[in-house]
Amino acid sequence: MEDFQLASIIVSTVRNAPVLMFAALAGLFAERSGVVDIGLEGKILASAFASAAVAYATQNPWYGILAGMAVSVALAMVQAFVSITQKGNQLVAGIAINIAMSGLTFVLAQFFFQQGGRTPDLRNARLFDVVLPGTAAVENIPVIGWLYGHLIGGQSVLVYVAFLLLPVVHWVVYHSRFGLRLRACGENPHAADAAGVSVERTRYLAMFVAGVLCSFSGAYLTLVQSGFFLRDMSAGAGYLALTALVFGNWRPLHTVLGCLMFGLFGAIQIQLEGVDLPVVGRLPGSLIQAIPYIVTVVVLAGLMAKSVAPKAIGKPFVKSR
Amino acid sequence: MQPAVEFRNISKAFGAVQANADVSFAIAKGSIHGVIGENGAGKSTLMSILYGYYNADSGQVLIDGQPQDIRTSHEAIALGIGMVHQHFMLVENMTVLDNVMLGNEGGFKLAAKRGAVEAKLREICDRYRLDVDPLATIHDLSVGAQQRVEILKQIYRSANILILDEPTAVLTAQETASLFEILRLFKEQGKTIILITHKLQEIMEITDEVTVMRAGRVVGAVKTAETSKEQLANMMVGRPIQSELPRAPYNPGAEVLKVSNLQLQDANGVSLLSDIDFTLRAGEVVAIAGVSGNGQSELLEILSGMRLPTSGKVEFVGKDLPYTGRTNADGLPAEFRELGIGHVPEDRLRDGVIKDFSVMQNTVFGYQDKVKNRWGLFDYRKIAQRCAHLMTAFDVRPNNPDLRIGLLSGGNQQKVVIAREVAAKPKLMLVGQPTRGVDIGTIESIHTQLLRLRDEGVAILLSSVELEEVRALADRIIVMSGGRITGILPIDEFDTTRIGLLMGGMHKH
Amino acid sequence: DMAGAKLAIVYDAGGKFDKSFNQSAAEGVARFTKETGVKVFEAQANYDTQAEQVLRALARKKLQLIVSIGFSQTQPVQKIAAEYPNVHFVIIDGNAQGKNVNSVLFKEEEGSYLVGVAAAMASKTKTISFVGGMDIPLIRAFACGYVQGARAINPKVQVLQNMVGTTAAAWNDPAKGGDLARAQFDRGSDVVFAVAGGSGMGTLQMAKEKGKLAIGVDSNQNYLYPGTMLTSMVKRVDNAAYEAFMKARNGQFTSGITYEGLKEGGVDWVLDKDNRMVVTPEMEKRVMSARADIISGKIKVVDYRAANSCPVQ
Amino acid sequence: MTKTELPRWATGFVLPILNLMSALLVAGLVIHLLGESPSESLRILIDSAILDPEGLGYTLFYASTFIFAGLAVSIAMQAGLFNIGAEGQMYVGGLGLTWVVLALDAHLPGILVIPLAMIGAAVFGALWAFIPGYLQAKRGSHVVVTTIMFNFIAASLMNFVIVKYLIPEGQQNPASRVFADSAALSLLNKVLPVFGDTPLNISFILAILALVIYGVVVWRSSWGYQLRATGLNAHAAHYAGVKISRTIIVTMLVSGALAGLGAVNSVMGSTHYLSLNFPAGAGFVGIAIALMGRQHPVGIFLSSVLFGALIQGGFDLSLEKPNIPQETFIFIQGLIILFCGAMENFYAPAILKLLNATRTNKGI
């Protein structure tokens, strides 16, 4: 019984984390290039809606994913235009997008589907879990059956994408030309510029990548997790992703660990509800809900070294004193 | 032969400031060309236009006789132009290697090239006797080493036209000498070098031709061989510069500062200052000479209250400075200021001013609690009056109290800082690198102010990497090396070689 | 616009299409309008202040009856009703005082008891579970009735309970709703009762995916996943709204509290073609007898809200 | 000579108007797509939010809360701190207020209960901001992250407290009991009957007062000077003798207190009871207001009124035109923030060109 719950916690963690992982890695590109991306929330929501709406209309989840990507990239480009070309305030741009999308997705969903800002059920237009070959064969072997069929297997394609993304992102950020330029632009855009790197181009590119990655987060919400779109269903995931990013010191591996930590505490919290604990007894449900957040604060305050943001983050690149 | 670079009628304005006005001159291929002028004369702006950082409002740049529209640094680099900026253009948290590769990676995969580039850098370092580790991270390097990285970058990219904007401002004499060695080597290889500096000595030493700028315009162009320091100074400032400033005879008063057995260690236990002992008396200037990074900055920071010593004692006019029993230096500078310690910090943009405040607001910086009324509010009319007065007295240009101080030239920012600290009538004045990056006219005026302060009986502790400056101002000299005092000598014993040895760590006998 | 309308309904923040009780009320309105041809003006209030604002605006137009949906309008109704004694108010799901106010309260615990009976009988693992939206007394009342019903079948049955969250987002988080259900299944539950608005949709879906049984709420949700829907506990808000307008039309408005329990047809369980195959005849028999006993008063189901506590855990 | 910078009247007046128009244009497009007339909608919007005195009353009522939220975010921003936690601080501030009122409203007259309750709101709000401030100052934990976390924690805590301790016996609605009349703030319609039956109350006056004090403190006082110096360059501020940690902590306390005071308007001025999630996003709107109003008192005031008007006007519009749900105005809010707050210089080059062209035409 005990083991079983541990298994449940692990599976929950793995399935919850991708929403945050996609968004946090998206934010990593944006912020490493020097653009604060507080607009993750809005992009998640918009791509969630677009994915669901198009997947429903075409009855094909892949079109849904493409639509989500298009919408998320479009928003990222709006953000980029405002932050890079217009040299506007990046926080304002992000928050504006979050607020606008919270309203617009509802209005459009209501307009098209008349279900109170909800899309109809996707049913077969969802992305279904991959069943690895031979799952049935090993199903009854203890541990291995579970490991193969329910942890490694039995996940959505997007879960694999999320976890494969980590080494890819790590490589791109630290071992590619784009990554080098990206980091330079976020740290000292003047130096990058003097070295002949176009700061604008690099930042636009980073925002483009951020848009693409973020769209998976939205698609995952609707096409994998819930099977429909609901107003404000991102429920703060964008902000949590940003937190994971800060937590991870803007480094891919640590950021992903941050996302997994959120997933883990979410999973543990589920198991704690209604259970008598030693010393404290039975915690009220509403306080248990706060555990992941309290843990984050404690960890940030205590264990972690001070996290250091990319130096040029949030500042438009202006050639002036 | 075609000139390597030719400027034709270049004009560039920033808002109301005309930084370059109708600038025209040519730079011969394979020559070292000096560009001099007061702070704000427009030298950096012109070079930034050449390097594609700024775009001119009008006019034309010709490279090798061809008109070129250089709109980005990328394009400038493609034309073989390299620039070492006044403020280093390095990404601090990256290695030397990555900084060199940035913008010139040679493919999407970095790993493919890293080894080759590293080997090439080591080879260049050998050939030019540059002491740089390609795998070191920039923020671990001294200023001089960072300078060498900038040069390394340009050599690696084999720039044919090299712009150096005040490269020697932060270098020691030895470092400057070795830089000049490299520049001569470049010249031999047929490269063209444009050198901006405020040190006329250097102009005389290395350039072939000089262009003098004032207020955005070219006001003179001469062959170096046919001119003199005095003539250049005259052209730059529009008046003769006094080479020797008048000063009252050395007549020190009571002891103001007594530093005993001061020690400082960083968080990792590395010793930054050890066994610092010296005294300072009213009406005397003691100058700390030394290569930067040998503890001078830390010493001034401790004495100004910005930092706590690990141990030791400092007596100021007979009382111990209150270091003990504190866990951090929060608010300590205010207490020290209250006691009568003024401080001109060595990095004015980091510590001395708030760039986004107006000049007026910066004139009360550090004294904000002195100018409030009993409601804790500022009387801006009074502050403005005082500011106008200070700006006139210290010749701050442009004389506009409402200007953002960030828009002032470095020299004028420095004048504001000095004016502010002087106006507080301190008993002890701590001055770090007072004339770094400052033109000779302004140096003269800053030196005059400091000497007047001394003559009024203020004790002055000055730290400077310029031996010229030390000689011009000091009554006594302290030489520091590796966080220790290696020698204390009176000004009459000033001897460049001896000081050089002490700076190199040769301990006092 | 509201020209000529004499009747109005004010939905709460969930909105008319919330797939939950606002929508159910809207269906009642639609039925009323269809049958009588009388128009009802519809409005929505997103916060407490707005509820006051819209109620006052409507009351000022000398409307005959204003029906408010949802407990969040309790205080505004009480306040505005006092200001406009000549207008009649009905608050559904809340308890407001006033001579011109009729509070309609449902006995959710009775309906929940029935589905608890069904759940305990359907469970093979003797572990069942509950997913609530937010930790508020109303949701606790559902949970408490559910446990009472289950324990009546088997005193040893274990009931896992989880809430989705603590903000309004708790009603709109189907992913979490599903995740909670999955964790409960992992802990042995094989029947889940979802009382969590939009989040509950995730719960029902997860049950379908995992081949476990789920119980819907408020409206009949059996049609969503025939085969894994054990039943739905319906709360006939539509009837309550319909009747409120009907009575107003016939001049039969009465103030005070109206309880809508099993007896009154306010709550019930559902047995239809979509869950026929999962409800065994024995199960049906037991549920129906419990239903009869509650109606007759033989079984008294404890209401969590009476003392803010539940006798069983 | 050609000008390279815009005159003040253009940046302060023409640009914002043009930006607002652009936002409304996009909004109009969406309204058109929803099948309604944009011009008629705009008319209704302006009518019911500004021209109709009662509507204006509601607009200003909403604005009162927003001003406090905007001030809370602004003052932190002046010190370089991005306080995303105004929502949670306001929520917890409401608890402080309610606690005082519930304890005292039966025993003391309003003249005592009300100020004490306000202090309660401010103190609780400040306390909720203290931990993030302290952690930022002493441990370097990002205030952005900690305040986000504290919003979530506040939601849990408040849910727990309200559901467990505050609901009166037998009540469904998770809310405290209704306060005694003595604890109700005076409505402005007593002096200005034209506002009609609106909850606009003396909080509005307090909000204006707070704006003035904020302006004076930030730009005229030594403390404000140190605050801004810390925000712009902490190194230099240390050189100037500013106690950085203390400034950060005190600023967060003040910020939290202001957010807490935001609870006064809705809880004591209008509903007279504490309910779940009563701030309803006002704390987040405060971020938008601070950014859009450039942390300047006048800017904060104008954007607060604008947002108040959108809520009030949008509400009335949604009553008249069921096709335009209230959420449309959330979208429009976002557009306005985008155009006025982040793309403020979008039209600057064009106007500059225009100005320079007319200048040369006139031969100047």
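Letters A, B, C and D mark the chains in the order given here, with residues in each chain numbered from 1 onward.
Keep this in mind: contacts are C-beta pairs under 8 Å (C-beta built on N, C-alpha and C of every residue); 3 or more make two chains touch, one makes a residue touch a chain.
Molecules present, by chain and UniProt name: A, D = ABC transporter permease; B = ABC transporter ATP-binding protein.
What you see is a predicted model; the values in this text were computed from it and never measured.
Pairs A-B and A-D differ in how many C-beta pairs touch across them, and the larger number is found at A-D.
Averaged C-alpha coordinates put the centre of subunit B at 45 Å from the centre of subunit D (ABC transporter permease).
Chain geometry summary: the mean Cα position of subunit A (ABC transporter permease) and that of subunit D (ABC transporter permease) are 29 Å apart.
Taking each chain's centre as the average of its CA atoms, subunit B and subunit C sit 75 Å apart. Across the assembly, subunit B contributes residues 14, 355 that each touch 2 or more other chains. Shared contact sites, meaning residues of subunit C that touch two or more other chains, fall at 15, 135, 165-166.
In subunit A (ABC transporter permease), the residues that touch at least two other chains are 110, 117, 231, 236, 284, 286, 289-290. All chain pairs that touch, listed by label, are A-B, A-C, A-D, B-D, C-D. Across the complex, subunit D (ABC transporter permease) is touched by residues 78, 82-83, 86-93, 95-104, 106-107, 110-111, 117, 231, 236, 239-240, 242-243, 246-247, 284, 286-287, 289-290, 293-294, 296-297, 300-302, 306-307 of subunit A (ABC transporter permease). On the side of subunit B, the complex with subunit D (ABC transporter permease) involves touching residues 13-16, 304-306, 328-335, 337, 343, 345, 350-357, 361, 364-366, 368-369, 371-372, 375-378, 380. For subunit D (ABC transporter permease) in complex with subunit A (ABC transporter permease), the residues that touch the partner chain are 30, 33-34, 82, 84, 131, 135, 139-142, 144-146, 148-150, 152-153, 155-157, 159-160, 163-164, 284, 287-288, 291-292, 325, 327-335, 337-338, 341-346. Contact residues of subunit A (ABC transporter permease) toward subunit B in the complex are 175-181, 183-184, 187-188, 190-198, 311, 319-321. Every residue of subunit C that touches subunit D (ABC transporter permease) in the complex is listed here, in rising order: 1-2, 15, 42-44, 46-50, 52-54, 56, 60, 71-72, 74-76, 78, 93-95, 105, 134-138, 165-168, 305-308.
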